[in-house]
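Several structures are given next for inspection.
The following pair of complexes shares a single chain, chain A, combined with chain B in the former and chain C in the latter.
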Partner chain A sequence: MIPAPNAFQSGVSVRSVSKSFGQTRVLSEVSLEVGPREFLTLLGPSGCGKSTLLRIIAGLDHADEGSIALGNQAVDGLLPRERDVAMVFQSYALYPYMTVAENIGLPLLMRRTRSWQRLPLIRRLHPVARAAAGTITRDVRRAAEALQIEAFLDRKPGQLSGGQRQRVALARAMVRNPRVFLMDEPLSNLDAKLRVAARAEIAELHRRSGVACIYVTHDQVEAMTMSDRVALMMGGEVLQVAPPAEIYDRPAELRVAEFIGSPKINILPSTVRSDGGVDVPGGVLAIRSGLPANTAVSVGVRPEHCDVADGGIRGTVRHRENLGSDLFVHVETVGEHRIIARAAPEIIDSVPPGATVSLRPRPDRALLFDRAGRRL
Partner chain B sequence: MTTTALPLATERTRHRSGQVRAEAIAAYVLSAPAMFCLLGILILPTLATVVLSFTDWQFGAPTLRWIGLDNYAHLAADRVFWKSLGNTVLYVAVVVPVSVGLGLGVALLIEAGSSGRAFYRAAYFLPVTATLIAMATVWEIMLHPSIGLINVIVDALGLPKQNWLKHPDWALFALAGIGIWQALGLNMVLLLAGLKSIPRDLYEAAAIDGADGPWTRFVTVTLPMLGPALSFVLIISAIRSFQVFDTVAVLTEGGPNKATEVLLYTMYQEGFSFFRAGYGAAITVVFLAFVLLLTLVKARIAEKRVHYS
Partner chain C sequence: MIATRHLPFAVFRHVVLAAGAVVMLAPFIWLLSLAVKPADEIFTTDLRLLPLKWDAERNFTEAFNKVPLHRYLLNGVIVTAAIFTMQVLVALPAAYALAKLRFGLAKPLFALVLLGLLIPGHVPAIPHYIMLSHAGLLNSYPALVLPSIISVFGIFWIRQFFRTVPDDLIHAARLDGLSEFSIVWRIMLPAAMPALVAFGILSVVFHWNDYFWPLLVVTSPDMAMPALGTVYLRNTEAGTDYGPLMAGTAIITAPLVIAFLFAQRRFIEGMTLTGLKG
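Coming up: the complex of A and B.
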């Protein structure tokens, strides 16, 4: 097999990068390794510093401390152009006065011609400029075909729909072979249906390109469905970097567990019993924690690991959400703790609001966190 | 079936047309006050001027006579008029590019600068707020052949001193200089607003795409995005400099030897010094034709070339 041009380069290394805006520290000592063909998502709530980190990697912002390397080369002093990155902006940042073809072709035009060759008359007459124009037209067409926008090449961005503009922005990033794709919430301006289609498409395009991709989003569904690994950020720190399944099943700490998953994970303030089980509000869980008796812990149970079945935590049904495929039952237990359990929609009539039900969390899937929020 | 359906249909149409008519009447009634003002203040005087330009009316005279195109024939043969038109066009041709170019330059510098923005903005805008007639007197002293600051500077640079406002080759350019000084601030402020409205991420996209040199960035992002503001500024300053009058009236009175005779000043003299109102009206019509032409050009540009996203 012939390796792609980028196969031997490492991806992106972020080494203890810190950044403050005035008094606000937005990134503190962030380190991250992205593999050469990896799709890594920076996931976190707004204001967690994920976009700033992306901009620092792109060279649009500068780190106060730390360094960035792309493909084994430190790029800290380099301009965005010299870093050879491609970026898709949340707003798409298309040039409104250029046609779609000119938008997609601009990165090539800037790299394949000198500024004097772009002057109006010389552009038409100079052999080098004309040859470059030929290769640019060819490559633009190829990128446009990959994204199925070749019919719009002569239009202006203003004449396109949101989804089409987003494709043009993707095509502009993919028209050359950059060292890394940087995407800053590229789907957040699309409607829900388009977003689902675009998710699959971006993941597919990334696989074909074989180039590392760093994808910023606050949408955990995007992170879970598209990425090889997810880096969960909060308050300017990376809390955990792991594949989607691992970050969901084995979150490193309480904040990660609470951010990932919808509906949110149930957190129950609990105490370890002398017999090894755990006291939770309204019941006892048979967990072998191995912790000394009377240790205060938080037990996390995801709704799908909490069955509506006899002989468990007793509580009152307060609310039901029927999604058709799943039924979420909101149950209030002792001390006004709310637990959400997932059940089959068929049982909806047996759990009317106000009814007393029993919930049985599966002990093998329960997560234990210490007082500082670390998983035990 | 059709016989019963038809009257119903026509009745409904009649009812609907009655509604439409009522709406139309309401629209006219509601817009009447504005239309009345527009007519009284703008349209009627303009029409009156056009009509006057076909008469031999003298300012204050009790009678007038319809003389057709005589005033225009007279204009076509009038050397003062042609001189005046040529001077006006030359004045516009100097003031517009220089004041817009410098205005853009200053706006770019202020936008790129990190400190003192408000100060520079205010400093360049001051001439716009000043009364031009009073400022013209200040300029008269600055341009004074023996005590003026300009000649002191010119002399220090080793260049020949000039009697700027009295020299037939220099007078119009001296007035153009004052015109530029006055127009610069407004152009700067308008273009600054235009610059501020350019989304930052376009510059960032350009930086990543490789269009990051100052010149490349300017021609790829700034200039095209500034299109609407720039075309507006160009037309506005063209119209404003076409109206040059106050500095001429205060400083040169069209002299020396008609070197600074401009359209509005000629019109003013014909109409109000020589009381040839009909002839003055004809000059005004020519002036209006030029302004109208510029306005049409602006409408055209706005339609075709400039992109409003």
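Coming up: the complex of A and C.
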């Protein structure tokens, strides 16, 4: 976080990494390129292999196949400590018997002193060891100030709140200017309000550090708000790597479209008509698909691209969710397909449960997927 | 209200516990009682806890005069401390490897540790004796210490405790630049403190009170461990003088009892293995 102008900066390359635990294939052929100053989020449901990938990058676990490079250096044979990466764990993993200052200072102590200089008496008396201790105290204080935890330096982690512990974990990672930050769901143990504040703060700290960051989360809001790019993982594969807006507007496949966006995108099983439009349950969409007639496709329409307006798909209101800023209307069309449409909260009285309404998806925003789930 | 409802049970519980305590404590109380009685009161037929004539001073001075009690106590401290230190030096890295490192031999090695738990300590006594004899080490501190430095129980016990330490803590330490040995001493040792204290008490009590092994390898009285030392009190010349014998036994038991009283809470903590919190 203390930007050193000559600090060695590098990105991360993950090249066709595969990993199995016993019979279970956890990662298959994962490849990723992370730029030198980029904030890349690994987004995916829990159990999809995000933490495993992070551990492999850090050297804490070994890939069965594939290789990892930091900058231009292949690091496959290197121990975790030789890779110069810093990691923030979901559980924070603070050393419970050390004070906050000792927790933050430990990575510096291990790097700036030799083992004999850490022996009890020498630590106090040897000039080199004492000089190192001085620089460590100074850097620990600076890191603590950046994260506003300097008041807790003498406490043990057990005496801190969740938010404070999370800051200590961040300080410990940032204090030593690593080549790359790895963060494994660092906000998932915080309450909702703290999480929003911490999101902005981590993004800000990352910008100042100027170091690549791989941030793991299963929370799409974190991914959308913090990242330069998002890598969407599922079942041990990377499905798409793209900036947040692109992954939202132009998902590469159906699974991506369904994972991103809340409420979930509406998927309508449809058929291409001979006039170029598409038959959807309960109506017709004027899309120029360019596909041959009778091709089976899935049409994806996000709730905000589906207006409650006359002359569209007819259906019955089943449920309403008023968030104050938005109103989500759940509508059932023929064949018991549910479509969620976003509307202005003011119209809530005109769409009571049981009422018949008409929905008009915007054809220009509709997404078409083939039967294999690829976007057309 | 709850207290009154359960009153009969509470009384019953306390009576049972008190009876148990009396049974356990009776020999010690009797020992203390004999240690302060003059010789002619020891063999009277009436049961009396306190002596008619206090003779504590003579019994205790006699105990120190007849045999070098202080020497036995010193031997006890040196040997039990050396054994425990070495046991920790061996057991901690071994337990860490068995609990947290993934390597091909981890399972068979742990099976060997479990097997070791099943073998009574007396079984390897003769081979140990022969080895020490060939090394010319009989009747020395090494003879008392060396056979005990590998405690399979200690390895097993601490390994179970290490299993409760989260992997992330070790991962963080590896990234922070700690070697595997630094992880053992800087991260795992403090985490295992309650287990170590409990193990330490067991180890010290066992070796302080051990009679069998010192009897085998010790030939001169100045190498005797406390338990063996009291026997020298008994064997001295014309018949046994029970007053000084009991006084000597009281002195030799006292350090353990006092240590236990001080460490009682940590001991119970370790025994119940509450594990890591926070």
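Here are some notes:
What we mean here is this: the second predicted complex is superposed on the first by the 366 of 376 C-alpha atoms of A that agree within 3 Å, B and C clash if a C-alpha of one lies under 4 Å from a C-alpha of the other, contacts with A are read in each partner's own complex, and residues count from 1 in each chain.
Definition applied: a residue touches a chain if its C-beta (ideal position, glycine included) is under 8 Å from a C-beta of that chain, and two chains touch if they have at least 3 such contacts.
Computed from a predicted model, the values in this text were never measured in an experiment.
Once both complexes are superposed on chain A, the partners chain B and chain C clash.
In the superposed pair of complexes, A:G210 makes contact with neither chain B nor chain C. By the touch criterion defined above, A:S91 lies against chain B and chain C together after alignment on the C-alpha atoms of chain A. Once the two complexes are laid over each other on the shared chain, residue contacts for A:P263 go to neither chain B nor chain C.
Legend: residue contacts after superposition of the two complexes on their common chain; A:G277 is shown touching neither chain B nor chain C.
Counting contacts by the rule stated earlier, residues 58-60, 79-81, 85-87, 89, 91, 93-97, 106-107, 110-111, 115, 157-158, 172 of chain A appear in both its interface with chain B and its interface with chain C. Here chain A touches chain C in the complex through residues 55, 58-60, 79-81, 85-87, 89-91, 93-97, 106-107, 110-111, 115, 157-158, 172, going by the rule given at the top.
Chain contact summary for the complex, chain A toward chain B: residues 58-60, 79-81, 85-87, 89, 91, 93-98, 106-107, 110-111, 115, 156-158, 172. Chain B contributes residues 199, 201-202, 204-213, 215-216, 220-221, 224-225, 227, 307, 309 to its touches with chain A in the complex. Chain C meets chain A in the complex at residues 166, 168-169, 171-179, 182, 187, 190-191, 276-278.
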